[in-house]
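Two complexes come next, and they have one chain in common, subunit A, joined by subunit B in the first and subunit C in the second.
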Partner chain A sequence: MTDVPPATDSPRVGGESVVPPRNKLLLLEPRQFVPPAVVTIAVLILLVAGGFTTPGFLTADNALLIIRTTSLTGIAAIGMTFITLSGAFFSLSVEQTAIICAIVYALALSHGFGLLAALLVTAAVAVLVGAIQGGIVAAGINPIVTTLGAGAALYGLASVLSDNQLVKTGTSSASWIGQGKPLGVPTQSWAFILLWIASVVVLKKTGFGRRVMLVGANPDAAQASGISVGFVKFSAFVISAGAAGIVAVFITSQFEQASVLQFGDINIDAIAAVLVGGTALQGGEGSTTRTVLGALFIALLGNYMLLQNYGYGVRLLVTGVMVTGATSLFHVLRTRSQ
Partner chain B sequence: MRAPTAEPYLKVRGLSRRYGNVIALRDADFEVRLGEVMALLGENGAGKSTLVKVLAGLVAPDKGVISIAGNEVRLDSPARSREAGIAVVQQELSLVPSLSVAENLFLGGGPFSGAWSRRRLVRHAQPFLRLVGLEHVDPASPVELLAVAERQLTEIARLLARDARVLILDEPTAALSDVEITRIKRVVRALADEGRAVIYVTHRLGEVFEIADRVTVLRNGSGVPPIEVKDLTIDSLVEQMLGRRLEQMFPPHGNATGDVLLRLEEVETEGLHEPISLTLRSGEMLGLAGQLGSGAEFLLRALAGRQPFTSGDVEVGGTKLRLHSVRHAIRAGIAYCSGDRKRDGLFAIRSVSENLSAPAVKRVTQGGWIMRRREAELVRSLAGFFRVDPARLPHTVKTLSGGNQQKIALGKWMSIEPRILLVEEPTMGVDVGARAEIYAHLRRLADDGLGVIFTSSDLPEVMGLSDTIATFFRGRLIHQAAAGTMTEEEVLRDVTHPAEMQSGVAS
Partner chain C sequence: MLAGAVYAIFAATDPNYRTQGSIFAILEGFAFVALLGLGLSVTIIAGELDLSVGSTAAVAGIVAVYASGLGLLPSILIATCGAAVFGLLQGTAIARLQISSLVFTLGTLIGLRGLAFVIAHDATVSVSFANLAFSDTLVRRYWIFSPFSLTTLAAFLIVGTFLGYARYGREVYAIGGARNEARAAGVSVARPIVIAFTISATTAGLAGSLAALKSGAATPDAFGSSLLDAATVALVGGISLYGGRGSVYRVILGALTLRFLIAGLDSRGAQYYIESLATGALLLGVIVVEFAVEQEHAWKRARGLLAIGNRG
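Right after this comes the complex of A and B.
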């Protein structure tokens, strides 16, 4: 038996709809526009409230800082979004992937590799790390467990490689990558914007993007339609690891050194950006644009709390609550609209 | 045997309920007497489920009066409904698989208090099990060991243990095979004859004539006065449901004289107990008749590349093929529409368009890019062919009715321009109006030169739709013959207890 008839399911004979939709807006279902609307409003509220209550919040310097923070979290989160959309939940090893990439990159530079060679080696490591995890997940192993284990292993490996020391790059040839500001905008932010646009194009306009959404929406149906579910998930993990590698290169270049302690809370921040943005935890619904909004929100909130002199503990607490809260809210919205 | 009391026991007058702009029930009347089986019929969206939910106390009506034995009652919670003696057997069974039959029976409070000892439970359970014809079941065995029909009966026994006077069965036979259905029907009839009022919701019109005393047909949220079953024929019943004559449920048969599309020589696959040989011609509708687990579905799955053939030859269009994977099958022009569209047929949260083009993502991309125009044309032409309202294309599939969903699940396969279409249970969970439409679509596809193979446990469907019928029983092909040469009784005998089990292929 059907459930409560949704408003769009009018009585009908033989597939003919008796009540045609009146306009384009009615074609959108709440689940399609509510999450991005919620996070956009939240960002605006935060901007206005922060501007009135916090001196130094709406200044050019602070804006630049926020943009830079958003950018790095955002790049990692864009990569993560592919994993979530494909129905593999999350990677809990983005941070550790970034760490191993950073160490390798710094070691390469310090051992006299040219910039290009160092970048290529780092890219190869990122792809390899993503491919191993993606391959395991594609074989049907739970992604959370896989990446949790991989994360620990990568962290250990990075510690061994770096001997738990700071690795100085020993050269300033790469510094422009992390410190440059073409047209007044930090390189990180250029990369963020370009990757955002690229990810939107990939997801909306390419066959691969379509497959990601279909696999996330229903892997069994995707398999039955001849789509290689394993390849799609594998690719999502490679993309995510690649994004982590980009973050690593930016941070290492900026500080001219790498260490295993350099990457703060990228995992939770990226997951928070994806979920607060309103991409469905189950996959198959969402976008990287939502993630960008989510990352902006997380960065604004973190910056606001920093300026209000909240400690690290409070900030982490609030981020955690946001993740759980947003996930619950959107979950309720989705089940209501069924 | 059918002498129900004349006075209605449960009476519903002027019931209305709207959801937003959708009117689910409009001034509907309904009644049921003690001692009778009242069939409740109607197309999807006619208001059946809303009426059931109101009676179950799950949905509050906007207006209307419900009375039981002449006294007005308010059923504003499931508990109230239960106190009033109403019990609903849901489609989704609510038994706890790991608990014993007896424990399940008295879950949520039995008719006795005090400590639960295994012996007491078993002793109390037995009479209820006997009522539903489960005397052979050990009350101490876990529910998960029971067959689906037995679980369904346990569910009914559980409601009887609560002393329900009004039983509502919501499509109790939807997931069952013919033999199991017979058992359920016998029990339902016996319960009514014992003096209970039974409301029987179903899509299978045949059942109405077998067990119901009267019928209430809901149409667009309103009920017509109950009709005595003895005054009805299948045709008049269909007419009542649709509000118009259904010219014919089944399209005219085709003539299976085209080229041979598919030849199976002594193929074996897991689930089949004997090698099978079959041919399928262009334009032919081959119906594989069999109950759930008869093996016919395994043959389809192997053809779809979902499980391997362990031996034998498969020829598609004269070329020997090995169908290693779903993608091989798709490349060979074989489309497979599974019987469980929710599980692996549809992407519920994606749009109708994306669902329709899903098997053809490769066809609508060029150098990795999706060709918007090409995809839109493809999707529009499919929607046109299957009469899906183009305004629905951007909607998510989950907002569609069962019949429309089935059309999408089927229609998406036309995007790969298949030569062979495999369909498992083509009209499961589809109401009568959309059912005729799906039959017509399948026939049109066959007329366009496709070879269609479908499995079905619904006998009239096999008889009405097939050009050739192949009967299956326990992993063996029993008999294969042109549709006109087999009677319904012969097919039924083959799929339930074939006389000669040794016979392989006769054509």
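Right after this comes the complex of A and C.
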């Protein structure tokens, strides 16, 4: 199989060579530092402003809370990033995927399955859910509408499975997953950091990762060079479903129960993290590092507003303005520099 | 066609389903989702997608309830015009920035929902007792119709005529089906986008305010699943996701199909979450079938061309 020319942020002809010399590859394309720089600066501003104006913001306890919140949203957001990078926009069904994984996991545990067996069953469900949606999108159908419908169906299915009741795991054998703190860092955060590193390696160093970027940046070129655009998008959906499943396992293990009423904001927060972090909606530009920064920013902002006693409505409003504002800004910056 | 089939299935198996009263109830439920679906389908025809219709309706409902002291018609007008202005701004922003409507309306979906909570102070807002007479006006029954459903049908007529016959309306179809070609032909791309999003916000505002005034209260978390319903209604009604095709009148059929399905499930005693399952399954089913049919047609066309080539 021919080696695919590694994707750059924008494989444009006209003035620059399409395939830059290998040694310049990962280094200095100044434009690609803008979004992460913006978000990093925003995070720093928030930290400073918050530290000065809000008692309790810069405490260790609060930091732990922020890290925990960021980690779970961040895991889901990393999965979402794969979908966005591959050009499939985003998935509106992460919340419901997490719900059904949580229910299945809790049901398995409560029926006496061993921990490993329960995890395997949950993984299988996550992969199946992702595969079905991925398959539909791979065939060429609009991902937004697909995940919108799939999400509703999954929610109904999860309600049927759980009989719309709270499902208790009935065992504490899994609680270490949710409540453990190896070396003082919560398990969720370990997972978040490991998944972040893994995703960066996959996207930058593996053939699959580069195919994801190319499919998002220029699907026609990708198709022409023999890459299956459909398979790449399919894989992205499976990855995202897997991430949702991981989040589900963590939460269910931590609280030893699952219900269909959970994960209400995870969809919005994950998408917001991806977009505010600066990954382009059309695909082909961005990284999971940007998403991690975005997730951090969103979590910090939410925490700050919580400490300032702003209600749920204000936090939603600000998140919405952030998403619209950040994406408009990045879009303008992107199109202006061409 | 599908609507007829669904209706037949349910009518045949449940005697309660067929009465005039139940048809009225179905049409009542139909009115809201059909109106939302109408607006959404205009943006789909234009090759875009307005994700914020549900949140717009929620805000409009709250505004209408707040303004209810001014009278039925004024409060509806205020809420709907507010929504129209919002749609105008949103459409202009999307057109000017040339940004994907997906990401922009995602932001407004979130932001408007937040706004709804803010202006409602996180609580349910009720029409004051003195003004509750509104509800009566809105639910008055004319045979199987009500002012709400009649307003909906009127809206369909207006939008349908506009899209079908006005030049600005035809432009919406043009930029949806073949945007580059339209641009090359000199069609303004900005204007139909602005128009499409103004329509979608206006219908959402109208639907939200009517629904809120009818029930006498508005909650900030209302209509959370309405985007799903509106999308299902539009797609079942034959609006093509590829843009540029579909008649808004068929959206009426789409809405009827969905309502028949839901009402049928309800009358069988199904839990509310079954609605979610059914709507989602219906949506998935429709888009897969539409896609398969598309492929079939493309196949046939390709074979037809090949046949011509071989003959010559």
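The rule is simple: the second predicted complex is superposed on the first by the 307 of 338 C-alpha atoms of A that agree within 3 Å, B and C clash if a C-alpha of one lies under 4 Å from a C-alpha of the other, contacts with A are read in each partner's own complex, and residues count from 1 in each chain.
The rule we apply is simple: contacts are C-beta pairs under 8 Å (C-beta built on N, C-alpha and C of every residue); 3 or more make two chains touch, one makes a residue touch a chain.
Note that the coordinates shown come from a computational prediction; the quantities given were computed from them, not determined experimentally.
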Contacts of A:113 with subunit B and subunit C, given as first, second, both or neither: neither
First (subunit B), second (subunit C), both or neither touched by A:207: first
Subunit B versus subunit C as contact partner of A:217, first or second or both or neither: first
Subunit B versus subunit C as contact partner of A:190, first or second or both or neither: neither
Touched partner set for A:226, first subunit B, second subunit C, both or neither: first
Contacts of A:152 with subunit B and subunit C, given as first, second, both or neither: second
Complex contacts: residues of subunit C adjacent to subunit A: 49, 51, 93, 97-100, 102-104, 106-118, 120, 122, 220, 225, 227-228, 231-232, 235, 241, 271, 273-284, 287-288, 291
Subunit A-facing residues of subunit B, complex: 19-22, 24, 43-46, 48-50, 52, 59, 91, 170-171, 201, 220-221, 242, 304, 306, 326-327, 330, 336, 338, 343-350, 354, 358-359, 361-362, 364-365, 368-370, 386-389, 391-392, 394-396, 398-404, 407, 412, 433-434, 437
Subunit C partner contacts - residues on subunit A that touch it in the complex: 89-90, 136, 139-142, 144-146, 148-157, 159-160, 164, 260, 268, 271-272, 275, 281-282, 311-325, 327-328, 331-332, 335
Subunit A residues within the subunit B interface of the complex: 1-17, 19-21, 27, 29, 31-32, 205-208, 210-211, 213-214, 217-218, 220-228, 280, 284-285, 338
